[in-house]
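Right after this note come the structures.
In what comes next, chain A is part of two complexes: it sits with chain B in the first one and with chain C in the second one.
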Partner chain A sequence: MTKIELVLTNAAGLHARPAAQFVQKASSYASKVTLLAGTKTADAKSILAIMGLGLGQGTKIELTADGPDETACLAGLQALVESNFGEG
Partner chain B sequence: MEQVLQGTGVVTGIGIATVKIVSTDLTGDLKKYGAGTAAEEAGKFADALQAAGAELVQLKEAALASGQQNQADIMDAHYAMINDPGLAANIQAKIEQGAAAPQAALAAAEEYAALFDSMEDAYMRERAADVRDIGGRLARLLVGSGQVEYGPEPVVLCAREIEPSLAASMPEDKVQGIILGLGSTTSHTVIIAKARSIPAVTGLGDAINHIAAGTTVIVDGYNGHVILDPTAEHLSDYRKKLEAEAVRKQQDSQMAALPAMTKNGKRVQLAANVGSPADMEAARKQGAEGVGLFRSEFLFLGREVPPNEEEQFAAYKAVAEQCEKQLCVVRTMDIGGDKPLRYLNISKEENPFLGWRAIRISLDRPELFMTQLKAILRAGAFGNVAIMLPMIISAAEIAAAKQAVEQAKAELIKEGKAFDAAMPVGIMIETPAAAVTARELAGVCDFFSIGTNDLVQYTLAVDRGNPAVSPLYSHFHPAVLRLIDGVVKAGHEQGIWVGMCGEMAGDPLAVPLLTAMGFDELSMSAPAIPRVKEVIRRFDDEQMEQVLKKALTLKDPGAIRGLMTEFVGQ
Partner chain C sequence: MVGIVVVSHSAKVAEGICELAGQMAAPGQKIIAAGGIADGGIGTDAFKIQAAIEEANTGDGVLVMVDLGSAVMSAELAIDMLVDELKDRVAIADAPILEGTVAAVVDASIGQPLVSVAATAAGARELRKR
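Presenting the complex of A and B:
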């Protein structure tokens, strides 16, 4: 099991489009991924659960991955978040 | 007995046929649905998930192909929702507890929607509609409804709303018109109807529920009338109109191939005003010679973050390529407090039209401006593109904008991206300040395009959206005509071309005056092009110069309009 902490710096936070990208990325790995924000957790492969958290800009999140490709999975998600989801 | 309903005409034209009801209400189908065992229902649900995913991929591709990145993003989000493991598990659980698959899908989606409904953020609350849409899509696929079967007879489609996937599959030869209960001029169904010239009336409200299938109906997309069971007299009137329309369409399409040229051979370039790459098909059909105004602000509206460089580049490139060798003028973002965008942080203004808007925002927000300029410059590598600056009032603004253009070029060189290093930079003349100082401004830019909608409003101090003063609004006011005439002269003296991209450019009554003033280019909404071209071809230069001279001596907008009505003939 591996963990990282990230801050959502893109303007929209995890709204529909970035959330869709995030979930797509998470789903491309075999590992189980969980997102923790404050006290609430969500399955990182569930867009409805992620959007249900209503995470805006500046939110701190913790990602936990558990599985055969957990390191690659977290690196991939980190890169996506840090690229601000390609927002211009 | 004849009944007339009043809606909003959103696609002009006349359609006469019998009503075909397109049901979006699943209640009846749900009642008829024969549920199987839990295992059978689970199997059907799995199939519906597959089919829904395939539909969404198709819709996304259609949106991308027409340059609608926003819509494509929404379809992407819907696709992720359809594949949501939580939603699927919820539906599965309901099926195991004995629910029929369609009800299970609707109920599960409703649970998530209720969660979004309760959120504080308005944007997130709106997402409830997305989840319900997903539930509805699954249920529709499960009960097998929603596909329209077309017989040999032509029909008018009647529904509260029509899903884009259904609209996309409408056969043009069968569908004579569309009438909708909901009111929107920008829905996908309306956009598709427009592209195919299918007359459409929206906003009929609940009246739509009382229309019986098979009723004879006339759809009048010009005035928004929907006539059910028309009298013999109305029917024959409208049949005549329909025939006249067919004749005019025929003439228009012949006109499209002819050049816009006076009897003496003087050419005026007739270009199209467009808002997205999707408008290019209509422009081509009407024989537009390039794009005189690409309203880039449409890319910025209705979203949470500004479009990035790649997204803008894709849209500009798509239009530039479709212009082939012709000019494609991209106007930089023209937005202000009347269309507030969250990411621009425009505070509420007393007078948005005299406030922080257009070039003023661009110069104050260099990161936004730089992204847009880079995207436009890059599109120049794929066509004949020009940059146009809106709302200019001084040479200093042009200098600042040009400096930004140079900086954008330097960045593109550093990034190793291809662009047009010699791209012309022109300005909109839409403030009295710019019109009066046109001579100075012409010395520091490459072209003028007169935006009459704002120029008339600012010159006459009339808000034409205000019914108390709107009768005072006229582009035939002598002050406006003299300003415009002066701008053309000033531009030509400095050796730059002068165009017009406001509504006046598409007014057949104004066209002889504009041609005589010496406009090099007129840009208008595509459907106006054939009529304007016909007027230009009808007269010689002498005739048009005479009428201009006479018009400039008249003191009253009404008298000038009267003169032109007589000259052009209505």
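Presenting the complex of A and C:
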């Protein structure tokens, strides 16, 4: 099991298109991925769970991955978040 | 990937939802609009929906999103007109059309089966605005 902490720096936060990109990226790995924000947790592969959190810009999140590709999985998600989801 | 068909009384609504949901789709994800009636007026057209379902199917089945009232009946009629082997792999979502379509497209794009995509669409009912 591996964990990382990230901050959502893109303007939209984890809504709509970024949420969809996040879920699709998480789903491309075999590992189970969980997102923790404050006291709320969500399955990172569930669009409803991620959209339901409604996380805005500046939110600190902790990602936990557990599985055969957990390191690559967290690196992939980190790169996506740090690229601001391509928002520019 | 499960294909998605968007049925609305308005062609513009159906096309607009497809345009928006398309932003969340993986390459190759089918999202087909079936809005309005043949002359471009407001209504739903079972033949148009049938053609959309056939176009949306890539082998994993199709989820049909509907707006109000008779859209459900037209969609049911369209499904009745399909060949039997496709008929069994099509479902109508009991879901809000916009949020449901967006959620369904994401789930379909990650390769989830029809039963899961339909459940995700229905779950969009619980999404709060704030």
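The rule is short, and it goes like this: the second predicted complex is superposed on the first by the 88 of 88 C-alpha atoms of A that agree within 3 Å, B and C clash if a C-alpha of one lies under 4 Å from a C-alpha of the other, contacts with A are read in each partner's own complex, and residues count from 1 in each chain.
Criterion: a residue touches a chain if its C-beta (ideal position, glycine included) is under 8 Å from a C-beta of that chain, and two chains touch if they have at least 3 such contacts.
Quick caveat, the model's predicted, so the values are computed rather than measured.
Just to be sure I read the superposition right, which of the two partners does A:37 touch: chain B = first, chain C = second, or both, or neither?
Neither partner.
Between chain B (first) and chain C (second), which, if any, makes contact with A:12: first, second, both or neither?
So A:12 only meets chain B here.
Does chain B (first) or chain C (second) touch A:24, or do both, or does neither?
A:24: touches chain B and chain C.
Contacts for A:48 in the overlay, against chain B (first) and chain C (second): which applies, first, second, both or neither?
A:48: touches chain B and chain C.
Is there a shared patch on chain A that both chain B and chain C touch, and which residues make it up?
16-17, 19-21, 23-24, 27, 45-48, 51-52, 54
Please give the residue numbers of chain C that touch chain A in the complex, ascending.
Within the complex, chain C touches chain A at residues 23-24, 26, 102-103, 105-107, 109-111, 120, 123-124, 126-128, 130.
Residue numbers of chain A touching chain C in their complex, please.
16-17, 19-21, 23-24, 27-28, 45-48, 51-52, 54
Which of the residues in chain B end up touching chain A in this complex?
Checking each residue of chain B against chain A gives 73-74, 76-77, 79-81, 83-87, 112, 115-116, 119-121, 123-124, 127, 130-131, 304-312, 343, 371.
What residues on chain A touch chain B, complex-wise?
Result: residues 10-12, 15-17, 19-21, 23-24, 27, 43, 45-49, 51-52, 54, 56, 86-88 of chain A touch chain B.
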